[in-house]
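These notes open a run of structures that come right after.
Same chain, two partners: chain A is paired with chain B first, then with chain C.
Showing the complex of A and B:
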């Protein structure tokens, strides 16, 4: 019975992945002429947009990932142990909860020629009475997209790294290094990073895969002409005449991501080789306080940009009039919220229903799986959960959509919820697995000795002890579900208008103030969940433990 | 190896079979709607249906208008209207086509769609439209007698789509910034050469294509070729002046011909931000609505090129495999009611010109239209000459040629 549950869970998880991959491979190779006529690959390679969009995706994806990694290392080396570090730890989790698309919209409001940055400095400092025509956002080089990805992915990587610091004994390593006379940066590069990097490598690869294949942020911040490769593919997939081309492109994208991964592996080897030689050199290095300060400045700037982007969403959502170059709106209003509450309500309910379902399904599935694993009826399959995060969404979802069209399951609420589950379960399992495996088995034994059965122990002992990671996992699942654009778009057949869909669809033309309200609303849901995840365990534990 | 074709055929048969079984079990309830059935019967059948109306969702005013319509329709007819907000209706045309390819001939996802021009032409061509339902709508009796309502981009409408509103390319400029706005394509080039700021959306964005068609209409010396299908014309000869013009214009645009506004609404936003001087719109009353809702300064005015600008009519149509056809007809009819058309024409709500002939309305209907205040910001009534749309086949040809030249 237990084994059956475990196997069923794994099947439910693997089925769409397998179907998705086959559903992409088959039309691409011309085996389904009725669904997707034509030779996908030859049409793809003949398309004039092919090479420019591939180049753009590689450029933005790789640069954004490298910058995120550098900024993460910079934060670790220069901020760890300082006041900035405490501040970072407080600010990063909620910032991480804000959906990519929402922060992208805020960033646009911030850095465009008529954006807040220019408004704040005009005309007093800059002398501009009209927006400068020196740059445009989104720019054709993809730099606004890169900035958008960096400000979103750096917190993710930094938090992943921070979570691993205790495991690599960072304080002890720093102490030993300093005693031996190494400069702080050297302590990190010689002693800590070689241990830390392997632990954040998978997160880095997830970020790389995401950056190379992201759709919603690329629609909002990326150039349109040509767009990034995955946006280009998305424009092809809805037309049956070019589905074969889109599917072929999705395979090329997956292969591209794999090739970039291989480069990363080679690069690791090379760096590792150089680093191990340098480690033996014994050079202590000098402390570089100025560099340290300016690096802290860069990290602080990055965070300020993110926070300002989110703040700007809220400011615009209460704006009646705000013309260039005023620093703040000249007229404020509640109208953007109240006059449209009806229109916001329906996508918000759809979003919430999907998110709550996803949370319930993902958390209970993760508990079931980890319990099966603990009792030895299923093996540890941590690698499996990473699959949907490493395969480009486009590759998986084009195929899944084709299969859904064929079976008539597209547009079903269940199909959309299933896809959200697939994308949130990995995070939930991986967050809970740590807590699950660390929980002292003696709690279990003690309860069993007192005569409690399995279910009683689970609900009265294990789950209450783990309430904190459970709430965190639930908040992450909710944030993941709220931000899902592509699965909802492709599998929802237009039947499930979530905030994520509304935001991207309406972005082209709708009133900026309404867009801001939509994005603010989309950020608010996961933010509330994150606060709840902090507060609920405290109240809960407080109530249970007699003072 | 099992060929997927066989599998597909198998699925198709299975689906047809299950559809057949369903139909035989539930005799003539939903799927048997006739487009020429008596209106009483349509009203009856529509009760309780949900109509998925796939319409562009990029304008908050249009979205608000449709949620108002949904409320009225639900109260009056017991039909639920769901506005499926989409980015480009061409994608939905493809979806319906895909459904036809896999044999989903009943219970389709789309009940009503907002189309015109090449999308209607494609649907008519591929037999994705349902039937001449538009002739059965009671409110169709009060439509204008205009060729624009019977010929959609030179393609005969034949009742396969029902008119919804009129449109004309107009320019909105800020008098505080531009004293003398350009009144022709040539003047526009001079305007940007002298530091004026302008941008238009990149085709295939709807108004981007329209703008290019406008340029073509003004610049070509073979205007008559535009009314014929594109394959009957010497495309190179007709369009060469256009490309020469755009080659000169693009480097001087905001974004330097490398980045483009995503939509016409975006150009309106850019005028408000001061990034550009002149916005384009397909709605002569847009500026009025925008000023009233605080999206443009009161100093804006609307005008057209002296030679006139391209205008057309937009429609709604019912796909052949729609699930709620009766409901869709109710919605299409409601959209033509004087009440709905007058609200749509009011810039306070949307400001989209009506397709009804005001003189055919009763006193109450006339009063509804008389009470609309356009303000000084809209295109003064009767001031802009309308140029006909080129034949529907030109749109795709122009878009592709444009993308090939400037899409890299």
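Showing the complex of A and C:
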């Protein structure tokens, strides 16, 4: 029975991935002319938008990932052990909860010519009494998209790295390295980063794959002509005559991501070879306190931009009148929320229902899998859960959409919920796995000798002890579900309006105050979930303490 | 070599507990001073203060000198105090040879290699230059760790219970190796195991403040240790 549950779970997870890939390969290669007529690859390569959009995707994806990695390393080297580090650890998790699209909207409110940065400096510093026309957002070079990706992905990478620091014994390495005469930055580059990097490599590749193939943020912050490659493919897939071209493009994107991964591995080898020689040189380096302070300033600036972007969503959502160049609105109102409450209610309920279903399905599936693993009926398959995060979303989703169209399951609520489950399960399993595997088996033994059976031990001993990671995993699952744009769009067939869909589709055509309210609402749901994940375990454990 | 001198060291934990108040001592080159006391008596905290790696929440005052050089406000990496801890902390991404070369200062590539091979041979570890540290025994790891500290040319050696994790059978061998290697340096040893203390060492019990000197020349110890059993 246990083995059957494990195999069933693995199948439910793996089969769709296979279906997604085949559902994209078959139309692309012309094997399903009734579903996707034409030769996908020749039409794709003949399209004048092909090379410019590929170039733009590569440029934005790679630069954003490199910057996120550099900022993460800079934060580690220059801020670890300082007050800024404690501040970062407190601020990062809530920032991570804010969906990509919402933070992209907030960034627009910050850096556009009529944005807050210009308002703060106008007219006193800049002399502008009207919004300048020196730049436009989104810009044609994709730099606003790059900034948007960097401020969203750096916290993710930094948190992943921070979680690994105890495992690489960072304090001891710094202590030993410094007593051997090495400056702190050298201790990081020669002792800590070579051990840390392999532990965050997978997270970095996930970020790279995401940045190369992101859709919703690219629609909001990326240029329109040419768009990024994924956005270009999305415009093709809605036309039945171009489905083969879109599928071929999705395969090209997957191949492109794989090639960039290979490039990363080669680069790693080269850097590792150079670093290995430098480690033996014995050069100590000098402590550079001014450089350290400057780097801390850069990290603090990045965090400030992120926080300001989120804050601006809420400020704009309560704005009635905010004339340029005023720093704050001159008139405030609740109308943006109350007058539109009817319009917001339906997508909010759909979003919530999908999110709650996703949380329940993902957490139960993760518990079932980890229990099967603990009892030895399935092996540890951590790499498996990463697969959907490493394959570009369009590559899998075009295939799923084709399969859903063939089987008549497109537009079903369950189909959408299941796609959200696929994308949230990896995070839930990986968060829970650490705590699950580390839990002392003697708790089970102690309960068993008291006469408790399997289910009683699970519900009365294991799950209550693991309430904190369970709540964290549930909050992450909810945040992932709330931010899903492409799966809901392609599998929902327009029948399931969520906040993510509403935000992206109405952007540009609707008053920015309403957009701000929508984005704020989309951010609020995961933020509340993250606060609940902090509070619930405390309440749960506190009530056991006699007052 | 110059003596290591500590003047009027006061240490107070965040909860207000005073670990020592006005502790002063001098360790001449070739001498060993042993700080003794049970867990929590402040032995490792004193070592942390000496190396400059003390937790910022602990209040500390006092001076540390190496000959005429004031170390008190120098960054850790400029103090040139060799440190050996309970764990050997051999870097797992480096071979034995690379670990030792990491400790070396200056020299050409070939000189550095020769020096590493010679040091390993002197320590009875010939042919281990390319070995992965994880394949070494506890005693071999301890010797490599000490060699690494010594190759960085420290002006004094600080040892924080370096033998406590070793098998009983290995301890005597490693102790002997350590005292021989540190023969010309001022050495501070922290331990709660009386068997670790070499015969010629000066001893300072942090719980009582009792000082016993076996040194032939007079090392000055002037200290007020807070007696925890009385307070």
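By our rule, the second predicted complex is superposed on the first by the 543 of 547 C-alpha atoms of A that agree within 3 Å, B and C clash if a C-alpha of one lies under 4 Å from a C-alpha of the other, contacts with A are read in each partner's own complex, and residues count from 1 in each chain.
Assume contacts are C-beta pairs under 8 Å (C-beta built on N, C-alpha and C of every residue); 3 or more make two chains touch, one makes a residue touch a chain.
These numbers come from a predicted model, not from an experiment.
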First, second, both or neither for A:169, with chain B first and chain C second: second
Touching partner for A:194 - first (chain B), second (chain C), both, neither: second
First (chain B), second (chain C), both or neither touched by A:457: neither
Partner, of chain C and chain B, that touches more residues belonging to chain A: B
Which of chain B and chain C A:182 touches, first, second, both or neither: second
Touched partner set for A:354, first chain B, second chain C, both or neither: neither
Partner chain in contact with A:282 - chain B first, chain C second, else both or neither: second
Of all residues in chain C, those that touch chain A in their complex: 51-53, 75-83, 85, 87, 89, 91-94, 98, 101-107, 109, 112, 148-149, 152
Residues of chain A touching chain C in the complex: 169, 172-173, 175-176, 178-184, 190-191, 194-195, 276, 279-280, 282, 284, 287
Residues of chain B touching chain A in the complex: 3-5, 8-9, 11, 15, 52, 54, 57-60, 63-64, 67, 84-87, 90-92, 94-95, 97-99, 101-102, 104, 109-110, 177, 197, 202, 205, 254-256, 258-260, 262-266, 269-270, 272-275, 293-295, 297, 403-404, 406-408
Chain A residues touching chain B - in the complex, by the definition given at the top: 26, 31-35, 48-49, 52, 112-114, 130-131, 133, 136, 138-140, 223-226, 238-241, 243, 320-321, 323-324, 331, 333, 339-340, 342-343, 405-408, 410-411, 493-495, 497, 501-502, 505-512, 514
